[in-house]
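Note sheet for the following structure.
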Amino acid sequence: MLRNTAIIGCGQTKHTSKRRDVSVAELVAEATYAALEDAGITMKDVGCVVSGNMQGFGGVAQPDLWIGDWMGCPGKPAIRIATGGTTGGSVAHGALYAVASGMFDLAIGVAWEKHSDSKEAGATTGLMHVGMANLFHALPYGLSLKNLIATTAVGAAAGVAVYQARFYMHRSGATIEHLDMVAAKDRRNAAKNIYAHLQWPNCQPEDIAKTEMIAYPFRYGHVCPASDGASCIVVASEKLAKKLCKQPAWLLGLASYSDEENQLQSENYGGVGVLDPCEQMGARISAKKAYSMAGITDPQKEIDLAEIYQPFPSQEMFFAERLGLFDDGTAWRYLEKGETDINGSLPTDLSGGVNATNAIGSSALQRVLECALQIQGKAGEHQASRKVRKAIAHGWGGVTNYITVTVLGDTPR
Amino acid sequence: METKPDVITVNGIPIVVANFNWSVGFQMEKFLKALATKKILAAKCPECGYIYVPARNRCGKCSAKMEEKDLVEISGKGTLVSYTLAYVALDGKGNWTDLEKPKIIGAIKLNEANSTIFMPLEEIDYPNLKIGMLMEPAWNSETKGGWKDLKYMKPAKA
Amino acid sequence: MTKKVAIIGYAQSNHQAEVQKTREDLVFDVAREALKNAGILREDLGTVITSSTDFLDGRTISNVFLSMAVGAYLKDESKVEEDGTNALYYAMMKLMAGAYEIALVEAHTIGWTFNPHQVWLYTLDPLVDRQIGVLDDIAAAALQARAYMDKYGVSEKDLAQVAVKSLSDAAKNPCAHRKMPKVNVGQVLSSRKYYDPLTELMISPVSDGCAIVILASEEKAKQVCEQPVWIEGIGTCQDDYLRDRNLLSLNSLKKAAKAAYRMAKVKNPLKEINVAEVSARFAHEELMIYEALGLCRDGEGKDLLAKGVTKKSGKLPVNPSGGALAADPICATGLIRVIEAAKQIRGEANGYQVPKVKRALAHGQFGICAQKNTVIILGGGK
Amino acid sequence: MGYLKDERPQTMMVEGDWQVGAYRYKAPRLLEEYTQALKRKKIIGSLCLGCGKVIVPPRNICGRCHQRMTGRQEVSPIGTITSFVISPPVVKGKYKLFGLDPVDTGALKEGEVMVPVFVRLDGSDSNIACLLFNADPQKVFIGMRVKAVWASELKGAMSDLDGVEPLENR
């Protein structure tokens, strides 16, 4: 199986809604060179650059061709990976595989998004384009405008997630109060993470409950922001990791299984056969594969920390279940007991997660990066109170059908 | 298995356009603002000495950081390294349009910098162009602080 | 200690200007054919890597609706943008790491969807070069061609010769898009002028197409395939942005080739390689590629062509399939080269087979003036 | 208390566009089949002869079996709500689609509360998304039985299937 590989350096930028002080190239360089500094290496040492973002949001086609100069691409093998929301997770996998395959001893994975480069608010441009072709197709067939608005736009950014939340609540018995609790926890955690976007010190569920209802069960306070930001990880082979780093975050397992597209329409406006978008078969299988690589038999006992990709609070709960961290339908019970808090038994999204910071291309890479920081003990104020030995980083994207799962640990396999 | 050509063409809606406004960052902002005063700023890498136009904050050759102190003003004169005659142009929507009067495009390696810039060439006929010619910028009468302030490049007067 | 990887199956579409299929059907049909060619089932796949770009496909997350068509349902999946050879590179990493046994690599572009040359313009620095709109990929290539011709005394006729060689060879290739068995230099020179010195026939056509390659680890390949084609060497490299690059030589290709040759232990490519399939989007690029691949010294590409070394009956035939000048579904072009090279090794290139091919080279590129290059050395036998 | 603010200096911006509306695509005639059936108040889906799944509206390829969905199957106009959303009352100027305000265009009425639902029609293996009419939003539940509401004039268009309403209202 894979040769031992570890993350030895992490870098990220401050995330905020508009980073107008830098160009997208400079934003990327900020994270890249922070990671190199953290790892104690220079760009000359790097063997391979894996990068990615969602180009529709930035308006530049294949931006790595232009901004490659800012992340050390010239003269090196450079691969661009983009898979929608999972872009960051896929980039992390790319960098990890580059080293695990034995092709390179040092690789970096860089992911970014600069939403403010788009004139349309938030992520609408990019999200619209996912279905643009389908929309152009359906309009001549008399798609009713009312239906279109009702089905796509009621939740504005929420999209299918709002239906997904309803599915989950129905299945598990979770209520809107649980969503408030997750959102409050994430904003509270984010306040301790200097790089996070939506920071709200001591935020309580009651504060979130006061925010405006967008579409039941989602309130304004539940929804992730659209952030500008970049992140970067440095991946090294076993020999180099031991030489360069006191406590590397070792790769134990990784997988990215995809399901059928879940967002109602397939290519050419056909239906899709996924009846319950919170079932997430891809996440279940990815987790199973990653655990088996990592030699984990009982994730509920062995995993100490989770970084879950949760633009919406319901996702934190059901993805934790699908990843095998809780039994199906029980995540909210652990939430009530505070087990997912910083001092709980399974601290979840101590960075604030995607719910607090969402630079789409970079979001899933940040999950991996935060797990690495926790294992290295470098998370600072949001370091978990328990010792983190094994952590799981999750990403989802596409139209809720792509999953990336990465399991990291404090000792090599 | 081959499918029968049972497909239809779906056309987009031309008025649907995605608009962008890219932030430029401090080095580039200084560069663009200098263009408004008909000045060209380059950035010289403090490590390897490579000189970039437009000015920027990170060296692609040696990864060194560049700051305001590394900005140098250059004349804009340069050597023609290549040229081409455009018979067609893209209209922004992906269509080729034939140009009534073909346009000359040149690649100019700036004399006081290492970068090559790409500009329209005027005030010279195509057959008279020679690689190695000295070129100089012609500015728009009204400059607004953008790359478009440079109108074209023309042969430099000796 | 690295593991060996082999190509066990492949398929490509009939590349054409406007394919009468949906994107989904195009990919699905080629995927079925590739699985059949490899003699495996969809269920046997371990990982699926696709390659396409959002701007060319006109859809954000361009792979998302294709996962089912390509066979990635509940499979490990990822998308490497840009050229298909980069996706192959990533798939190979996954196999070499030992995570999976069989990988499917898919690449497609429907050029008809939107003029790709406009998309190349969108890859330029948006703060500067995209603003003035004088530059696109053809203009940049024309500038490169002119500088190259001026430096090394290459004439328009030499470029036309490259096009004649490619387009007439393509006539035998059933999958090629632009087939012109009787094309001559005059015809190339008098075709529609885009940017001097490049005319229409010196520029790759805008094609719709899809290519799929199935890879397997050493043990698996020996188990399921009678005639695996081994990937003996691979190298890839990116160059600087256009402004800060030496347009006169393809430096990133030189580095990529060096890495691939080192891995495959190739010392003298002209002697040790029997056939090469290269992605030359413009006629002059083919000459520059000869030089960057080390087949001749800088500036001697035209001599290699003139001496007939690279023609179908020459010592090292280049692009007997017609190459990218005959069909260019952008993201798929590199992968098509891999398929054509593999076909040569297996002796399947009916009508354009080069005799006794033991080792073949495939090249893929992406970016204005070939900014990113990948070189793959394929070998046959055990 | 509330969100922390991040103030930082700004630099100028340079503008540009991406002509996403200039793209064109190839699509199968499946939607035509679907809308022509709607004109006859019939809802059809595609049937996979491999796994037997019926998908509405019809799609071309079953990825599970990796084969074409060659069968066609009519499904019931009656189905079950699998998920739903309750919108807040519509406010003019709050949301725009392609720069058009839905209230101005007459698509929605000011103050209207919409209930978009996922419905699994009997005999199908997929959800369709549409609006629920003639129901008290507070009384909607998952598992509620609903039936199709047809447009007053059938034109062979997607809008022929206007939405759904509770079955017991009949």
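As written, the chain order gives the labels A, B, C and D, with residue 1 at the start of each chain.
The rule we apply is simple: a contact is a pair of C-beta atoms (placed from the backbone, for glycine too) under 8 Å apart; a residue touches a chain by one contact, two chains touch by 3 or more.
Because the structure is a prediction, the values reported are computed rather than measured.
The chains in contact with chain A as well as with chain D are B, C. Contact count check for B-D and C-D (C-beta pairs in contact): higher for B-D. Note: the chain lying farthest from chain B is D, by mean C-alpha position.
Inter-chain centre distance (chain B to chain D, centres taken as mean C-alpha positions): 46 Å. Taking the mean of the C-alpha atoms as each chain's centre, chain C and chain D sit 41 Å apart. If you average the CA atoms of chain A and of chain C, the two centres end up 33 Å from each other. Chain A and chain B have CA centres that are 37 Å apart.
Chain C has residues 20-25, 32, 55, 58, 67-69, 72-73, 114, 118, 122, 126-127, 131, 240-241, 244 in contact with two or more other chains. Across the assembly, chain D contributes 10-11, 13-14, 16-20, 22-28, 32, 60, 62-64, 68 as residues in contact with two or more other chains. Counting partner chains per residue, chain B shows two or more touched chains at residues 1, 7, 10-13, 16, 18-26, 28, 32, 60-61, 92-94, 146.
Residues 19-25, 28, 31-32, 42, 55, 58, 67-69, 71-73, 110, 112-114, 118, 122, 126-127, 130-131 of chain C are the ones that touch chain D when the two sit in their complex.
By the touch rule above, chain B contacts chain D in their complex via residues 1, 6-26, 28-29, 32-33, 92-94, 145-146.
Of all residues in chain C, those touching chain B in their complex are 20-22, 25, 29, 32, 58, 114-115, 117-118, 121, 126-129, 131-136, 139-140, 142-147, 150, 193-198, 240-244, 247. The touching residues of chain B, when paired with chain C in their complex, are 1-3, 5, 7, 12, 20, 22, 24, 28, 32, 50, 52-54, 60-61, 81-90, 92-96, 103, 105-107, 114-120, 126, 131, 146-148. Of all the residues in chain C, the ones that touch chain A in their complex are 1-2, 22-24, 53-56, 58-61, 63-69, 72-82, 86, 89-90, 92-99, 119-120, 122-127, 235-241, 244, 251-252, 255-256, 259, 366-368, 371-372.
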